[in-house]
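As structure tokens, the structure follows; a few thoughts come after it.
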Amino acid sequence: QHLGMVGLGRMGGGMRDRLRGAGLQVTGYDRDPDATDVDSLAALVEALPTPRAVWVMVPAGDITHSVITELAGLLEEGDLVVDGGNSKWTADEEHAQQLAEQGVRFVDCGVSGGVWGLEAGYGLMCGGAEEDVARMMPVFDALRPEGPREEGFVHAGLVGAGHYAKMVHNGIEYGLMQAYAEGFELLLAKGIVTDETGCFKAWTRGTVVRSWLLDLLVRALEEDPALEKLQGYVDDSGEGRWTVQEAVENAVPAPVMSAALFARFTSRQADSPAMKAVAALRNQFGGHAVHT
Amino acid sequence: QHLGMVGLGRMGGGMRDRLRGAGLQVTGYDRDPDATDVDSLAALVEALPTPRAVWVMVPAGDITHSVITELAGLLEEGDLVVDGGNSKWTADEEHAQQLAEQGVRFVDCGVSGGVWGLEAGYGLMCGGAEEDVARMMPVFDALRPEGPREEGFVHAGLVGAGHYAKMVHNGIEYGLMQAYAEGFELLLAKGIVTDETGCFKAWTRGTVVRSWLLDLLVRALEEDPALEKLQGYVDDSGEGRWTVQEAVENAVPAPVMSAALFARFTSRQADSPAMKAVAALRNQFGGHAVHT
Amino acid sequence: QHLGMVGLGRMGGGMRDRLRGAGLQVTGYDRDPDATDVDSLAALVEALPTPRAVWVMVPAGDITHSVITELAGLLEEGDLVVDGGNSKWTADEEHAQQLAEQGVRFVDCGVSGGVWGLEAGYGLMCGGAEEDVARMMPVFDALRPEGPREEGFVHAGLVGAGHYAKMVHNGIEYGLMQAYAEGFELLLAKGIVTDETGCFKAWTRGTVVRSWLLDLLVRALEEDPALEKLQGYVDDSGEGRWTVQEAVENAVPAPVMSAALFARFTSRQADSPAMKAVAALRNQFGGHAVHT
Amino acid sequence: QHLGMVGLGRMGGGMRDRLRGAGLQVTGYDRDPDATDVDSLAALVEALPTPRAVWVMVPAGDITHSVITELAGLLEEGDLVVDGGNSKWTADEEHAQQLAEQGVRFVDCGVSGGVWGLEAGYGLMCGGAEEDVARMMPVFDALRPEGPREEGFVHAGLVGAGHYAKMVHNGIEYGLMQAYAEGFELLLAKGIVTDETGCFKAWTRGTVVRSWLLDLLVRALEEDPALEKLQGYVDDSGEGRWTVQEAVENAVPAPVMSAALFARFTSRQADSPAMKAVAALRNQFGGHAVHT
């Protein structure tokens, strides 16, 4: 199989390497001349045998949308596009219809694994028609971790289901990270435990909380035990927000996911308008001192 | 009735004034020579007719405990002590027993109203035996707001019930303040509403959210519309913490009260150890940039 | 001024009455033949002097949209529509443009006050152009509570600002209600306070937590002290959801508002899928008994 | 080494088996005649060579306290007690002093691993003096998972540090479980993902959220995909409560841990007093229908 790959950044570049390592042929396109194999999207399409398969791995939103729009103009009936980026699941149906007008098929695929995926394999969740997913299976099998297919890959449902699953995955991820983080802060605050790094490390084998994230936290703590070199400033991708908004939309209580998201919002505020209001109220009713 | 008042700070001083304004005789003792009427606690006890009634209005914890211990050594059978401070309800039973050994009676009384109570009256919640509460009723009636007694006073239960009620009151207060504060921040963040102060003010008469706290927020906003002169740094008294701990102890879900309390904790952190851990994790798995 | 009122339910009916009580002329239309003054929307438009003013007070969403669409076909240049329902603020711009194509003006107006508004007046937050708001001022003045205008009315900003303000108002309302509710449950759970109703009532005059909602809670408790006649099943209107989604959209931490919303979601679940998952996990790792 | 083991339930019984499997000699005592090796605690002490080492593995609280008290009366100078149960860390110092009066040493040890520990090994976090921990190391090495010692064992600090670490571990565990659980509910609620079990399974190898708890959730879902055989009723051990109370005590924001704890509280309520209060309020101000 010969795959086209659009977007060769941290994720797309690693995926190209992993696919090639598995013996698949990949032609990649990126705006970065140092990364790209061809000069343009048109050249990429040109280079692929028909029916073509093109994996789009670019930032979600406008960029993904414009790449897919451009591809719709270049591809032919029977070709297939996979959106492997972090698109919102609602964009998938739109893209599928846009491509379908040219007879081009569409599969959405959520990809997890970060910078480790190149070596360890990427967790994949895809959505689309049975035959389209089947056609891409050699690619999925090369990308996913070794071992049983179902432990690193799922055909989650029709178009949109892959990104929906990835979105929920990320919402869970937010919650997991925050849980460890609160534990870290509590250990630090009390001081009765004098070896915090040792504690986290001791949890990595036999305990209920063992996980890959825990392994990574231990790595980070071994490099910088009190995390003194870092600021507690945390960005959030769109997916954490979408998960909470979806939960609200579907009347699903999501206190943990939303708490984790709100903690990130707060972490980026130089000062909190809300807490100014609370300070103002305390001053008004109790004459409590305020910080000015 | 001639009452002894120990502690003549913002609250106790205002209460002495209000009681005198109502025609009661009050002798006050405070360590501050400018505030006190007598030189010592002993002199205060000396000055009161028997059976004596002494209202203790000093900071909760060690100071309240030492004042009550000293009073236990000075008072006589039939005297009565009211603890009107923000003591933890669990301290009340202890103090009641300590005093009971000398035949001295004890009533606990939660007092709300802040600096406004001098003029508007104080909301009172007390705990103790029927006859002890009855004996103090002229004092309670003078302190509470005008109007029906039951709208500003409650005999909530036996010893401890008054402070318990006050604790719950403060937990509610935390939640109310945070609710308004979140609304304020959301109005500011969006910018579609161009008159935030006007909005809050327009809510003060006809809406579901009208309240005294809202009136105070409007006052604060009228003085400083964007609260620019304040920092979003908010202390917490013990009572907010006790409420959440009591909720946990009694298996009562308290997501709003605890969220309000945690927001105060966060407001005082120069940096968040927990969010450092989250930043470290994101960097480990995704190569995400961190702020250093 | 002669106003058309579309929708004569609990809110719209009360508003017609209040307006008439203030000496304004109101012709109302409702699908309910017992409530309506005229047979059709067309007849309503017919009955009004030009330039007409029509207040729409129907359920948000499809119904509001279809009423406004129908009005766009019936009204003329210079007429004005007020949407006083609980529409999402994003619908306002759309409706304004739809009407503008016919030269019809638009003002959005959030209305608070519930069934009490008829007597006490309604809190009003409106959005729109200066001259349109000015034109409706006699209506606003009749609807709002007596007292200074700015304590019951605000021109919050351009089109959409009124409903945005109302949305935030409702988010705050959710938080306030939940705060009182958690306090109620904690008082009940502990049992040291033996007069819960008396407690809440004693807070209504002198304390920091006094509010209109507290007055209502006391009313409810006086009718049914342990609320035994009720189920803890609570609906949520769209506005609570929108507030949380807007907070997420604007990176505003809203832990209290979201906790209050999630508590409502949970209250309506016969069983919780999430907690089944937690039960399943505990059983898997610890052999803990599960309820089946 | 010859160890005495008090308490041979699910945990203690498994630990006895694992220790024996590792070639250590263990004499166990349990009130259950089918499980015990000896007739009484006195007989257990009698059976052990001096200096003795006794591992207490009984329910935290009164039972642990009475076992340790009885042991204090039976053991001699130079003997050593390990409390491996889920005791509150504040009990450890008390027990250490109680035993020290007889010259008996004390080590506290948090144990994780559940019913899987027998085979996979138990994660261990202990607190105590260097020499006491060193003396028990053969036992710790036999109990912990194979692999590097520091990945399954930590000497976390002085007496109390082991149980403190275990408490924080459990707080984290609550948060992790709830994060997965919210994701599960969201997948179910939306329905776009048609293979929920497949989704969770596909996350177990290559994704950021892979963990042992996730593996267990997949096991549970493979047995019962919609968890129909379970009720969403979840108990909580003391440790989750202590973690939140400690967080409050130390001014550490713990929104995720507390949300997870409160979700368990709610899961056990047939009806929610708090939500009755909210329903009552909505009915009061809006005339909203209530469920009775």
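By letter and in written order, the chains are A, B, C and D; residue numbering begins at 1 in each of them.
Assume contacts are C-beta pairs under 8 Å (C-beta built on N, C-alpha and C of every residue); 3 or more make two chains touch, one makes a residue touch a chain.
Here the structure is a predicted model, which means the values were calculated and not measured.
Fewest steps needed to get from chain B to chain D, stepping only to touching chains, is 1.
Farthest chain from chain A, judged by C-alpha centroids: B. Centroids built from CA atoms put chain C at 33 Å from chain B. Look at where the CA atoms of chain A average out and do the same for chain B: the two points lie 47 Å apart.
Between the CA-based centres of chain A and chain C the separation comes to 38 Å, rounded to the whole angstrom.
Multi-chain contact residues of chain A (touching two or more other chains): 114, 178, 180, 182, 185, 189, 208, 212-213, 251-255, 259, 262-263, 266, 272, 274, 285. By the touch criterion given at the top, residues 208, 236, 241, 244-245, 248-249, 251-255, 258-259, 261-263, 265-266, 268, 272, 274, 285 of chain B touch chain D in their complex. Residues of chain A touching chain B in their complex: 10, 114-116, 177-178, 180-182, 184-185, 188-189, 212-213, 216-217, 219-221, 224, 227, 229-235, 255, 259, 263-264, 266-267, 271-288, 290-292. Remark: chain B residues 89, 112-114, 117, 120-125, 127, 144-145, 147, 150-158, 160-161, 164-165, 168-169, 171-176, 178-180, 182-183, 185-187, 189-190, 192-195, 198-199, 201-214, 243, 246-247, 250-257, 259-260, 262-263 touch chain C in the complex.
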